[in-house]
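What follows is a set of structures for review.
In what comes next, subunit A is part of two complexes: it sits with subunit B in the first one and with subunit C in the second one.
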Partner chain A sequence: MQQLKANLIEHIKTSFKDARVQDYPDENRLDFYVNKQCIPSILTYAKDRLGYIHLSHIAIVDWLEEGEFELIYIIWSPEEKIKMFVRTRLDRENPVIANIDMIWRQANTYEREFREMYGIQFQGLEAPEEFILEDWNGPPPMRRDFDTEAYANETFFHRPGREDALDVREEIIKRSREEIPEFAKKYSR
Partner chain B sequence: MINDKNSQKIVDIIQNWSRKHSIWVLAYGTGCGAIEIPPTMTSRYDAERLGVRGAATPRQADVLLITGYLTTKTLKRVIRVYEQMQDPKYVIGFGSCTINGGMYYDSYNTIKVLDKYLPVDVYINGCMPRPESVLAGFGKLQELIGDGKANGADKYKENLDWYRANQKKIIPNWVMPEYNW
Partner chain C sequence: MREKATTLYFGPQHPGITGNMMVRVKVEGDTIVKATTEVGYLHRAFEKLQEKRNWLQSFTMMCRFCVPETDPMEESYSRAVEAIEGREVPERAKYIRVMVLELARLASFMLWYGGQNGSLGLYTMGQWSVGDRNYILDLFEELTGGRVYHMYIWPGGVRRDLPKGFEQKVLKTLDYLENRLNDYDDLMFDNAIFKKRTQGVGIVDKGKAIEHGVVGAVLRGCGIKSDIRIDDPYEVYDKLDFEVPTAEGGDIWARALVRRQEARQSIRIIRQAIADMPGGSFYNKIPNPQKWTIPKGDAYVRTESVRGEIGMYIASDGGTMPRRVHLRGAAYVHGITLLEDVLMGENIADISAIMNSLGTCPPEIER
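Right after this comes the complex of A and B.
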């Protein structure tokens, strides 16, 4: 396994010199971090030359504090049985990246979801504008700075609470006479 | 026949008695509570002995079961279905999401209080209610029909402007016709 991973690192490093690697010695997993311009070429290279023919998943992480989105492409090789994670970072103010649905057809669905839920532009993506949300004209809802509770309070009616409502946690404590730990106290009213 | 109050009362009693013992439920599961309908209909908690069976189309149904949360996308279709049903018709709200939003009280997509958009006759609380609760809910609906008090449909017709205003507030692309009765 280590030998296969070392071969893979060498293959990638010869063609893509500024790819950064992170190795996980106990698992069959390797992480590569590349610039976003290299994404179509590194994925095509892995698919055609190295046998990584299966796109398992495309994941996204919203790093709000650093102001970036991180896209992770997870690809798998059935012969070597190694998962390769290819990571890039996009700027959060203007997230643009090339689309890869000519390499794997299923990336079309993933990219439509990201375009609707996070607002990422994929250059060359041809798909209808609406995906899941209908008549939605607010900000992209899955971003971390979209406050869904405030939006829900302002758009929908709420039923007012009961005047004699008791707190469930405190009632149970009173009846069973036990102490709740410190980390759970912040969930009581 | 003499058309006075006493014979009208007798006709009402017979009519309500026969309506309450044959309630046809539209086979439309709007939310996650629809998973409690098959156990209620099958042989352990048999609902067919009360006369409750499934109906295929809205024109043949009596009761619309709103089982669980309603997103705005589904609400647009449910209003259309409700207005296609013919009198007498009832609405049962299942679960805590129809009462006050339930688990999805802070979601950007679901409606919180069903009563502002459709007239509800009976609420069944729980998340999800067990089949015994569902049968108790149907029993309560039968009681209301027997007394002649299950008139959500009349309430909808009289206050149509108010219901429409609430519905149009959250559904931007309105596709239903405008009625003028």
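Right after this comes the complex of A and C.
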């Protein structure tokens, strides 16, 4: 396994000099940190030359405090049985990256979702504008700074006569005359 | 002469659809010339909610991602959390997990038997198999308290030990189900209608499978021997002896042949897991969930479900709540780009059978 990983690191480092590597010696996992411009070429290289034919997942994390999105392309080689994490960061203010659905067709679905839910622009992506949301004109809702509760309170109104459903805990206390335990108070409004 | 093209809406309320989704099909005569998947009827924002729940509260949502087979999500969440935290899981818990996962697979196979045949108008099978599935749900109820949502495989092990005499009950149920699978064969695989409606229909060839990132029985149905339990083993699958069936052809028939064998392999695995199960602890206790922090890091783990590979990416920022939980369901891949591709040129009457065969589960697409 370690020999396979060493070969893999050498191959990637030869072709992509800026790639930073993190190894997990106890696991069948290898992480590469690359610039977003390298993503299509490194994935094509891994698929065509190194046998990483399976795109298992594209994960996305919103690092709000750092002002960046992280995209993690997780690819798998059935021969080497190593999971390769190809990671890149995008500026939250202007998140633009090339699309890769010509390499793996299913990436199209991920990109449509990320475009809608995180506001990431995938250059060259051809897909209908709407995916899951319909007639949505608010901010991308999966971003961490999107406050679901505040949005719902601003956008929708409470049905008259259902005021008792606004805070169920308070209502239960009123009716049962029981105290909220100390640890649960922070969940009460 | 070309016939006039018509656009039809298959779903979201249609007895043949596999869940809350729609396929917009353009047909000429009854041949599909274009198919477009429309989702958005079911989004529950689980992954958004999990950002504001602690690690244990998040866990309770995992089983709700997809109803037919709930345990792979629980297991993959738990295993990912354990991987980031470095938490050891007792050996006994691993065997119990395998037993539960395979029971869940069996229950899911039973639903598939019903769905696949029901989509072709063969309703007897559904009545048999869904009835038999209840015997497995009875076991789950005794073990976990829930029939469909179990919340049993949690971080650190499993929630409680096996009740007294539970292994014997499982073995007895397996004996019964094994016999029933022979009855299913007579009803399904010797049925001329089933053969006629499935052979050469909904073909996924090897090239298309790689291009679309196909997984699970759909991949094995086009002759590629791939199974997460063998390729990237987890829990104690590497200590158990079982086979990975494949079939040639890539059509609904081939996928049905694969699943038929896989149901038997699941029975074989459960028997081994019970025979080899060691004693001892079943749970490595987690700290107070209110104060339980997971070190900064991330993990991606995969579990083999009936529909294919379930992936779970979890990132932690070192706090008491997940930074990100991101599920990859098999249907996320099979239900959109692949389905749209496979439906081209097929008969409109086969849409439901193809969707069932690909394991399209909309709750996995929009979590």
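Simple rule for what comes next: the second predicted complex is superposed on the first by the 158 of 189 C-alpha atoms of A that agree within 3 Å, B and C clash if a C-alpha of one lies under 4 Å from a C-alpha of the other, contacts with A are read in each partner's own complex, and residues count from 1 in each chain.
Basically, a contact is a pair of C-beta atoms (placed from the backbone, for glycine too) under 8 Å apart; a residue touches a chain by one contact, two chains touch by 3 or more.
Keep in mind it's a predicted model, so treat the numbers as computed, not measured.
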> Which partner does A:H158 contact after superposing on A: first (subunit B), second (subunit C), both, neither?
Replying inline: first
>> A:E79 in the overlay: touching subunit B, subunit C, both, or neither? Say first, second, both or neither.
In response: neither
> What's your read, subunit B or subunit C touching more residues of subunit A?
Replying inline: C
> Between subunit B (first) and subunit C (second), which does A:T148 come into contact with in this model arrangement: first, second, both, or neither?
Replying inline: both
>> Quick check for you: in the superposed arrangement, does A:D91 touch first (subunit B), second (subunit C), both or neither?
In response: neither
> Is A:E130 touching the first partner subunit B, the second partner subunit C, both, or neither of them?
Replying inline: second
> For A:E170, is the partner it touches subunit B (first), subunit C (second), both, or none of the two (neither)?
Replying inline: neither
> Just subunit B (first), just subunit C (second), both, or neither: which does A:G138 touch?
Replying inline: first
> Following superposition on chain A, which residues of subunit A contact subunit B and also contact subunit C?
Replying inline: 133-134, 141, 148
>> Could you list, by residue number, the parts of subunit A that touch subunit B in their complex?
In response: 133-135, 137-138, 141, 146, 148-149, 151-152, 155-159
> Can you list the subunit C residues touching subunit A in their complex?
Replying inline: 36, 39-40, 43, 45, 47-48, 51, 83, 210-213, 226, 231-232, 290, 298, 300, 302, 309, 311, 313, 315, 323-324, 326, 328, 332-333, 336-338, 341, 365-366
>> Can you tell me which positions in subunit A touch subunit C when the two form their complex?
In response: 27-29, 53-57, 59-62, 72, 74, 76, 78, 81, 83, 85, 104-106, 108-109, 128, 130-134, 141-142, 144, 148, 183
>> Taking the touch rule as given, give the residues of subunit B at its contact with subunit A in the complex, in rising order.
In response: 72-73, 76, 99-101, 105-109, 111-113, 116, 166, 170-173
